[in-house]
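Handing you this structure, nothing more for now.
Order of writing sets the chain letters: A, B, C, D, E and F. Residues in each chain are counted from 1.
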Amino acid sequence: MRPSGRRLDEMRAVSIETNVSKHAEGSCLIRMGDTHVLCTATLEERVPPFVKGTGLGWVTAEYGMLPRSTTSRMRREASAGKQGGRTVEIQRLIGRALRAGVDRVALGERQITVDCDVIQADGGTRCASITGGWVALRLAVNKLMKAGDVLSDPLPSPVAAVSCGIYAGQAVLDLDYPEDSQAGVDGNFIMLGTGDLIEVQMSAEGKTFSRDQMDALMGLADKGVGELVALQTEVTSA
Amino acid sequence: MRPSGRRLDEMRAVSIETNVSKHAEGSCLIRMGDTHVLCTATLEERVPPFVKGTGLGWVTAEYGMLPRSTTSRMRREASAGKQGGRTVEIQRLIGRALRAGVDRVALGERQITVDCDVIQADGGTRCASITGGWVALRLAVNKLMKAGDVLSDPLPSPVAAVSCGIYAGQAVLDLDYPEDSQAGVDGNFIMLGTGDLIEVQMSAEGKTFSRDQMDALMGLADKGVGELVALQTEVTSA
Amino acid sequence: MRPSGRRLDEMRAVSIETNVSKHAEGSCLIRMGDTHVLCTATLEERVPPFVKGTGLGWVTAEYGMLPRSTTSRMRREASAGKQGGRTVEIQRLIGRALRAGVDRVALGERQITVDCDVIQADGGTRCASITGGWVALRLAVNKLMKAGDVLSDPLPSPVAAVSCGIYAGQAVLDLDYPEDSQAGVDGNFIMLGTGDLIEVQMSAEGKTFSRDQMDALMGLADKGVGELVALQTEVTSA
Amino acid sequence: MRPSGRRLDEMRAVSIETNVSKHAEGSCLIRMGDTHVLCTATLEERVPPFVKGTGLGWVTAEYGMLPRSTTSRMRREASAGKQGGRTVEIQRLIGRALRAGVDRVALGERQITVDCDVIQADGGTRCASITGGWVALRLAVNKLMKAGDVLSDPLPSPVAAVSCGIYAGQAVLDLDYPEDSQAGVDGNFIMLGTGDLIEVQMSAEGKTFSRDQMDALMGLADKGVGELVALQTEVTSA
Amino acid sequence: MRPSGRRLDEMRAVSIETNVSKHAEGSCLIRMGDTHVLCTATLEERVPPFVKGTGLGWVTAEYGMLPRSTTSRMRREASAGKQGGRTVEIQRLIGRALRAGVDRVALGERQITVDCDVIQADGGTRCASITGGWVALRLAVNKLMKAGDVLSDPLPSPVAAVSCGIYAGQAVLDLDYPEDSQAGVDGNFIMLGTGDLIEVQMSAEGKTFSRDQMDALMGLADKGVGELVALQTEVTSA
Amino acid sequence: MRPSGRRLDEMRAVSIETNVSKHAEGSCLIRMGDTHVLCTATLEERVPPFVKGTGLGWVTAEYGMLPRSTTSRMRREASAGKQGGRTVEIQRLIGRALRAGVDRVALGERQITVDCDVIQADGGTRCASITGGWVALRLAVNKLMKAGDVLSDPLPSPVAAVSCGIYAGQAVLDLDYPEDSQAGVDGNFIMLGTGDLIEVQMSAEGKTFSRDQMDALMGLADKGVGELVALQTEVTSA
């Protein structure tokens, strides 16, 4: 019944290739089906003005899509002269999500910037960015720990995200673009590896939703995030 | 226990003064405690390019804060040369929320722009904007109906929004600024007058949250939106 | 003969409501007929670079119009990405006018920013902004004096402004929008409470003017400013 | 007593060299002492949208200063990414002034853009721009008339401008930069060749002024504009 | 003697992986050593205004670097609000270079946009972009030809580019970043597969150069471009 | 055979008028036929951040065209809100070229900014800017040397530039606009007075070129630069 033939609670094939960048302190290429996002983490010993002198660390994120990552070419934001509203919204979300999983005291007064650049898009780019972004962050922090620059682990539990929605009247897990563009309700669920919630966004796209539907989506999200956290743990524990 | 002395499930005093603008097709000044937002609805017979020729209506929103609506003066966005990320995120939310309550076929191919300008801020400006914005929209649509320009009502049910959060470990309704700046979890709930959900956003601000806490917030939101819908109905039925 | 039925030398009804903002150091809402401007004064202990170290104070102003303060909706300047030429011209004028009434030595090295935001427009917004802006400034300076932070009064005399013009061949006082849009000559007169001149701008709008007409406008301006200064004194002396 | 040794009512040496541009329809280089402005008039058969279909002509102006036209180098506005407030204010003034001398019916539905670029600045650049800009405009219109494209003269009388001010307590004509930077009052007077007034701007720069001083400045302006109009007539009648 | 141990006339390992994008009409990932550029070609049936109605085709290019493609993170141009001077210069060069190899009559009135996005940088990104960009262009044109939309081949000969420079006093082929940052002279050579020259740029970086050195660089370029053209031909003939 | 009737190897009449600016430390107006560029050099004792503390000097350049320097009026870049790609490319070239002739140790930690503003354009503006820019730079440095602020000459040899191209199948020297707009190949050659090369740019404009043609252009450039250097030396040695 789903365009891809997947079961209602079945995620797309997910892979995370680590250390793909020669320069970045941490990096990975995450593939959720045909959605491919390159995530890099950049470590700097300086922090933004509002953090300076607090002794706390800072994690921020930026998001971009290559012009032809999409079905039809999008205008390059650098040439348009500004980031669009959707881009700004997404990169603020990624930053908030990752910070919720960081012990800023343990990190110490330094900044990590996570860049999430969509190489190819097929739905769910913000969730893939968060899941992959955490892997890049984890790898950068591992370097800090190996060097003895931080003593206790600033990343106690993974952060992962998955989208769920009501498609053709059914709650489904991990929407791809054909589903996303037709879904009546679209939700993004960001969680810790512990199962605690970081951010929940559910949005009616043409059709409002009930409490029961909301609960069904939450159930799918639990399953999906569990699978992503297992993969994150595997690829970063080597 | 709350800074304002309110009960956990008690909203601030809310008032909605209608028809405050000499020029706008619909307008109101909504006050939720010390948060005051001027909402105007502008009706235009033209629609954006992506709607043209579809026969459907369009509703969009813009949001702004006066520079000294806040405790310390904010830089004027017009002089900064762009709308900040928070502004863009909020006005996209207001637009989506209001559209979810519009029957675009009934509205017909015309556009209504809802401007929400924060005169004074004390927490919860986006929720006040949605609730007041719907009143301005309702009044503008009433004019269309009186003039016979639309035949069936494009606004079947009110749209209202309220914030809830975990403050000092307790779920509380309608956060003011002192609570909002200290809350561990912050949620915005947008609903129809029927009780159906339009958008749910819950976000950990330093502390993650459980399913039980999520349910407690939903319960408070139900109560708050109910009260707002009653007031919206009262002030627009005159 | 005037669209409003006023006499040639009759101002619109003027009111100034003070302390309308919970946050600003000084504030008022000035109403000149249907022109309503919210004026706030923000006090900061820092000054712009070109003033630093001089021991002198600085007063500056910003001006804005809400998108639907006008008959048809104007594009929001924050979303257009810049302040228009008219806005820049007006806010420079307001700043110059207010500074002309300030003893910068007495003020001491601190800055006061006066924001003038037009809630509703019906002609004469720049003059209302100056007159109301001075009231906000006065109230903020009163706080400084009460606190003992300035010793001698930095505002020796009120600053007020009024427009006059040639409408239907006659010199008239305080143009409203229907007059302003038809006037052959448009003038703005900014004066101290002492009657001394701060700035005079007269501009042919389609019709040039003679020295005699210029003198007639000056005479009306004297009368109008006198009435405004009396009101400013009354509302700030309480 | 004046830094330059000029009498109180003595203008600087003025010259206007015409047809200095190979490409422009009309052009001149005006020199008022050490202030040198290159003025070009560009004729186009298209008009801005708000004029289209009215049958009326349009005249507009742009103003710029070369970065090192001033004592210390100014930042190039193209590189700063926008025209400063002073630039915008001046070019709006030039445009308004020139339009006041144009019979837009006689001109017919076409546009003339007058560019005024300050090659070297020593005070009074806006007045020199208006006086020189009219010469460029006159020469472009002459071409139109010679070609039979307009039948009655759209420029019935010259437009010229001069600055006057209170320097060291005395009313003086045509301020140069050393005077301008010290003047207590600064005025710009724009007039037709007939002596009628187009625009009067007088501004206190640190010192307010009286009606008597205002009259003294007007008297000097009459004299100065008279001399400029004579020169404009001479150089364009050849 | 070269940091990489390469011979003076030895290129880095080059590979071109084709059809890497699900969406683009033509695409490849070119790797010249550690410099990796993703090139996509987007075909559109519309052309820019200055081409419309001529019957000719148009090819244009855009260039970007991911923020962490470089040793230290660069600011994202979309967030900076404009493309830097270097970016603009490079994308104009790529566009000119590719157009020089296009028979615009044969292409017909349509546009192909080639996006070159640097995934990882280690010197020579503009040359890699041109060489890879031509492959993406070739693959997109192949589709047009297969569909019968163009009849004669608009790409008679490949376009390829290589950098050469004077490093440590010696002429070397294909500079990597360690060489590029120390080179006294830096040159880019763009040629057709026929050996004809499209663009030559040689630039002293601290040291001027002689005619003999110029000739030595040209000789190396001939060799390098020959090898690249062979690879382009191989990967696009499949 | 050339539109101007010049011989293949004949430059346009060139003149350089020095000290044309009252304010700049060095200045000239260079005329190459109908191409007229005003060049000024501004000396500042501060340097950009990336030079600070190195003890080295810095030379940079900016380029602009007056809106009506061209056949049809160009949009003013300050009003467009940014410098176009061509402008950025040219001013980077001028800066690089001039720096290649500067002994930055001898100059000492100070900055000279060379502004090249095109008053009238008829082809070859970038070459005229470099040649004239060097004269302005030379005159500014002369002042430094006379004042004893630099001890050994930071400008050991003049920098000059000339364009050559293939026009109607023939190699010609110093293209004017009618030739430039028709040329099949366009080259810019920047050299020291010693004959050493600073920058060579040759670009196919519709037609690729051979090594022989490249050599022919180089020969013409040698002749042209020789004549320009002689003139530069003459006008700066007085």
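By definition in this document, a contact is a pair of C-beta atoms (placed from the backbone, for glycine too) under 8 Å apart; a residue touches a chain by one contact, two chains touch by 3 or more.
For each chain, UniProt lists the protein as follows: A, B, C, D, E, F = Ribonuclease PH.
All figures in this text were calculated on a predicted structure; none of them were measured in a lab.
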{"item": "Separation of chain F from chain A in steps, with touching chains one step apart", "value": "2"}
{"item": "Pair sharing more residue contacts (C-beta pairs) when C-D is set against A-E", "value": "A-E"}
{"item": "Length of the line joining the C-alpha centres of chain C and chain E, rounded to whole Å", "value": "59"}
{"item": "Between chain B and chain C, centroid-to-centroid distance (C-alpha), Å", "value": "33"}
{"item": "Contacts with two or more other chains, residues of chain F listed in rising order", "value": "81-82"}
{"item": "Cyclic ordering of chains (reference chain C, direction chain D)", "value": "C, D, F, E, A, B"}
{"item": "Residue ranges of chain A touching chain E (in the complex, touch as defined)", "value": "21-24, 27, 34, 38, 40, 42, 44, 62, 64, 66-71, 73, 76-83, 87, 113, 115, 117, 119-120, 122"}
{"item": "Complex contact set, residues of chain C against chain D", "value": "82, 85-86, 88-89, 92, 96, 100, 192, 194, 196-204, 206, 208-211, 214, 218"}
